[in-house]
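Two complexes follow with chain A in common, the first pairing it with chain B and the second with chain C.
Let's look at the complex of A and B:
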């Protein structure tokens, strides 16, 4: 605080941050220890020699409140201890310590303040914060200076996206250079720096390739896809939540059935099914005959990877004495699957399981309608739909970009809790591919067309499905699963019979269950639900 | 009249024989004692000698450890658990970390293992996680792996809790 203090002489008791004239000559001198009499007239008690500090902190508080989501502000109401606001200095301090776990240890110079006094050339002299620590503390130590850079980064990202939307590619390229510079100044291990770099990368790809009518993402081999997926599964609980919730719902739907058939829209390595097989093995009354049909991309080099997974699952089922049959359906896109390939027998109870697959059908041509129709015709006991809870399917690019920025920032925040490498990096790569698809691609190349739960509800209701409430067992199990994860920020919520998992009450993934309503004729949009 | 000597031997004067009580001669008693231990002590007991090692590795002891506080006790679980790797592995890989995490969340401030009653949900969750872990080892290849370290998806249970 030394150099800063000495450059401000005592009489500069300007009481507002936006006053452009540090007109010490026009203000009457006040003894420094007394309460500022102008503010006292308004009901606030501030000592004169505290005024500039309080002003700084109010500015800081304002940026912090504007930057943080409204949710965090409501948390302020519940948990924070607020002092009497007439004691302005400590009130602001109490709010600041709630918002930043690290109270500003030094007076960082906000760059938006007009020149009250001459700046020395080296701004860093003012901030005597320690350098940001890596590891699990990194998300909590943010210097005031860095926060400004983060805010600026977001600002420029938006401006650049807007330029891209307008078609002003030259401006956009210049902004990309700005962004790269900003990224260099911000901590890129965590927080906005990390996710920001992915968005900058995606934007620059879009700008470069824009003349070629949208970017086509390089296809990864099936093996690489599975590997990234597996690491995403390990690094954060979203997929585990999806699997466990789906299994619980399917288990309950299969109660009393002797012949059951599960159709998995994306088999991957079949990580979801061992738990279901084991739960069926242990159910009172003994296990049913379980058929599993797994849909997946065809494998290039003659290996039948679907069949290999099927064999492993069969081995597991045999160990626990569950009669099991597997069938693989190789299709590169979900809309290529036809119902006859699934060979559903009328005597068995059918469950359809779609973990983050249905949104891929929302592209041009809307194959979703056809697919929902044949799902409905299978007369399933339960259709499990788990989707990302965000609206990334907006036609206006800027809206989509903004929404994706907030969504993936939250997701990366939650990922910070995982520290194991290379799990974390590969999980981030998985997410990065999603980001790239949402931002860069258009038309049929853009498959990550996430939509909100409310939209899915309408769509499924119009297609002839009725919601099944996920029971309290699923909720309890999800809660328990989350307590096993080391980060405290996850939250499970129930939303009209559906479960959502989120980070600090921003839902990120939503699971819902549906059953087919038998209809006399195929009608669209005429079903009323309370 | 029996005199008790300093070294703990019971001396029966009548027939002049010394009877020393050695737990190793009474394996049923040993097992009864071991049944009441917690996991760490049971593991330590397995390090005493070869005989104790073979006894302490008996899966039924670990079954007792896993589920003795489950109310009501789960039925029909044994063949499934045996197929997936046995109770000792279940304890090491799932039960112990799950219990300590759940306990730490609910009762902050108490240190050692608290005897608490599981509920059915916790048992089911542990079993599911155990099954996933078995499957992951299958995926990696080699069927039953002798090592005690869990497969990748359960590593999150071993990570330090960010309190």
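Let's look at the complex of A and C:
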């Protein structure tokens, strides 16, 4: 890496739920739902009133384990799928069920499903790159001088951002000159030099344009957008992880369903779907009828790029005997999509797939509420949400700037380590556009309004969705894939039923799955009723 | 077997608070799933089950943390915990990189505690929730900076990886200008629990040979062992969350192939041990839990130090089990915290949490 020998993890805006004990401002007086706060600090949620019961379950589990053979215990570790270890009671119960003792009525125990082959190397329609080799670390020596310069660089960046926040643009401009000089002294090929230059660039744009109403980013052509996206997809594992985790969850949600309909909020080049099509083809009992509705921007030049992708996917589906239908929905913004355009039939099982799209709905007017409403009304079996794990939606510019600096520094750090593409300029440009949007833009132009998983949890719960937990099978496969496709240093973590992918110990994207809770007026039934 | 297990359960339940019993039992049973009879380890499931927390540069209860790579070649991460500066009016403002590495002090002594988490060389990480909490407590308690080392674990990385990583961390701490305080030097203590305690001893040994000054060693229920079965092992086997069998497994996973438990890493004052007589070893605080089955080895360790003329304080906690320091709801916890505070530098007494 670069001049500063640190991979620094960012402020957690709302701290991970496992340490919720520390951040509660008052200690309530033991209402029935009160969690034991000491266990909460250790990462486990157990109600104070349930402690005795949980202890009893643990005793039963121990007895059951003692009675089992080492082979059975090994199998428990191997084949059983574990979910959300934070919910200790459920975890213990699921193990007891596996060991075939008599548990109380446990929440639906998941069945084993065919594992997904995520990146079909043989059915790779889009990538012409050879499979990436496991990267080696290039050792970069950090001289004390370089470390000083990089520390100073960050310090001046922050001072400049503060000046911008205060409206002191003449000072800010002077500081930009300082920053340019500092950038000249720092290794700009990697590390803080590289990401620093993007932030300096974004700040100076903001300063220059603040006389007008914020910066409007130039629109790229659809082709340019796709190019950047594709390079980002190849250069680092974030999108691959998102696709893979989503597909695994969708596959499980579609178990037993004959007619399924996937709604992709951003089709792009459809990179996610060959793997799902293949997995459905291989599923025991045969594939369902698969409909895919892909949402994407309209093509300006008479091409119908959505349809083109659809045709390619259809060809693939035909080759593996999956009955397939595609529909493209052209919309420049997600909020312009109306549910009737999706033509969802009541007989089909619906999956909504949103990879880094929902945050775009958090701007003025909060179209997110309307969209979540109609998603809910589609009664989806699963809503897959993958989002950047950071709070880039703070109204105070300085706070937003600081979070972004931490977040994208870490992301660039991770990019440096992947050597699949030695020259990563297009992938970096993809990220740079995000940075620019977060830093320079305001109002409806600012679409990169990332929020933390904890915030998304609240939002989705309030909108009438309940979590579907991602389990140890998805976790394990994600980890195995990372060793195949990426450098060491990436980490997958389990967070109360969600999975995050990050660089070292800093989560950078979070994947969660949801299902619609029926309206209270509807017929009663369990949440996991198929 | 079932009958004696019931007795075991009753016994251990009697001596610890219920939530602590749940925590330790959960670890015990989960860890049973992870150790395979063939000596391999289910690392994927281990990482899935481990409850982790991210670092947080925004101060929480007066402490903030950040992660730092101290050796890129092996991705050796450490989590640094620092006290939030009380004199800064906007303590909740976004802390910048430059402030993270602001020199701790020029005028006062600010101890730097290098902490090695436990887990019998195989489990846990620097960002495990239980250790994140413990390190934060140490910051507040000792008004210290804590550096928690994410050392490489067995069985994938057996001896001497953990020791090498500990040594790397010590050298790193010793050479950071921003960790120096009074007299322009770093005031370094080593601390660790379970396997972390074992690492403390080994790193201190290397420090002595290399001339880096370590002011003190804190060993909480340190992990030692030996080939013979001691009386405490036989008496306490299976009774308080730990078994001889699992101890054997972890030693086998950590020690070099073909070695037995009298290897000096496991048994530093055993038949293959070396004497520390005449060596300027740091003063040691050794905490032994009276219901820990390996206490005979831990007592032998303290004894070995004493016989070699070293400064050692032994704190024997009669009715304590392993892991008593993970939750603050027992007397042993408070006793130990007070001892640690006295041990690390001459600070005025304050109430610890």
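Here, the second predicted complex is superposed on the first by the 375 of 530 C-alpha atoms of A that agree within 3 Å, B and C clash if a C-alpha of one lies under 4 Å from a C-alpha of the other, contacts with A are read in each partner's own complex, and residues count from 1 in each chain.
Criterion: a residue touches a chain if its C-beta (ideal position, glycine included) is under 8 Å from a C-beta of that chain, and two chains touch if they have at least 3 such contacts.
Everything quoted here is computed from the prediction, not taken from an experiment.
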**Message:** So in the superposed three-chain picture, is A:52 touching just chain B, just chain C, both, or none of them (first/second/both/neither)?
**Reply:** second
**Prompt:** Is A:488 touching the first partner chain B, the second partner chain C, both, or neither of them?
**Reply:** both
**Request:** Applying the touch criterion given at the start, work out whether A:61 contacts chain B, chain C, both or neither, answering first, second, both or neither.
**Result:** second
**Request:** Answer with first, second, both or neither: which of chain B and chain C does A:332 touch in the superposed model?
**Result:** neither
**Asked** Of the two partner chains, chain B (first) and chain C (second), which one does A:476 touch, if any: first, second, both, or neither?
**Response** both
**Asked** Is A:39 in contact with chain B, with chain C, with both, or with neither (first, second, both, neither)?
**Response** second
**Of chain C and chain B, partner touching more chain A residues** = C
**Asked** What is the contact status of A:444 with respect to chain B (first) and chain C (second): first, second, both, or neither?
**Response** neither
**Asked** Of the two partner chains, chain B (first) and chain C (second), which one does A:221 touch, if any: first, second, both, or neither?
**Response** neither
**Message:** Show me the chain A residues, by the header's touch rule, that chain B contacts in one structure and chain C contacts in the other.
**Reply:** 476, 480, 488
**Complete:** Per the touch rule above, chain B residues touching chain A in the complex are 74, 76-77, 79-80, 83-84, 97-98, 101-102, 105, 121-122, 124-125, 127-132, 134-136, 138-139, 152-153, 155-157, 159-162
**Message:** Under the stated contact criterion, what part of chain C meets chain A in this complex?
**Reply:** 1-2, 5, 9, 13, 18-23, 25-26, 28-30, 32-34, 36-37, 42, 44-45, 47-49, 51-58, 60-61, 66-70, 72-73, 75, 77, 79, 94-98, 100-101, 125-127, 129-130, 132-133, 150, 326-329
**Message:** Considering only the defined contacts, which chain A positions touch chain C in the complex?
**Reply:** 1, 4-12, 15-16, 18-19, 22-23, 36, 38-39, 41-44, 46, 51-52, 54-55, 58-59, 61-63, 65-67, 70, 73-74, 76-78, 82, 85-86, 88, 92, 95, 137, 139-140, 150-152, 154-155, 158, 398-399, 402-403, 406, 472, 475-476, 479-480, 488-489, 492-494, 504-507
**Request:** Over in the complex, which chain A residues touch chain B? Could you list them?
**Result:** 136, 230, 233-234, 240, 244, 247, 269-271, 274-275, 277-279, 281-282, 312-313, 315-316, 319-321, 417-420, 423, 473, 476-477, 480-481, 483-488
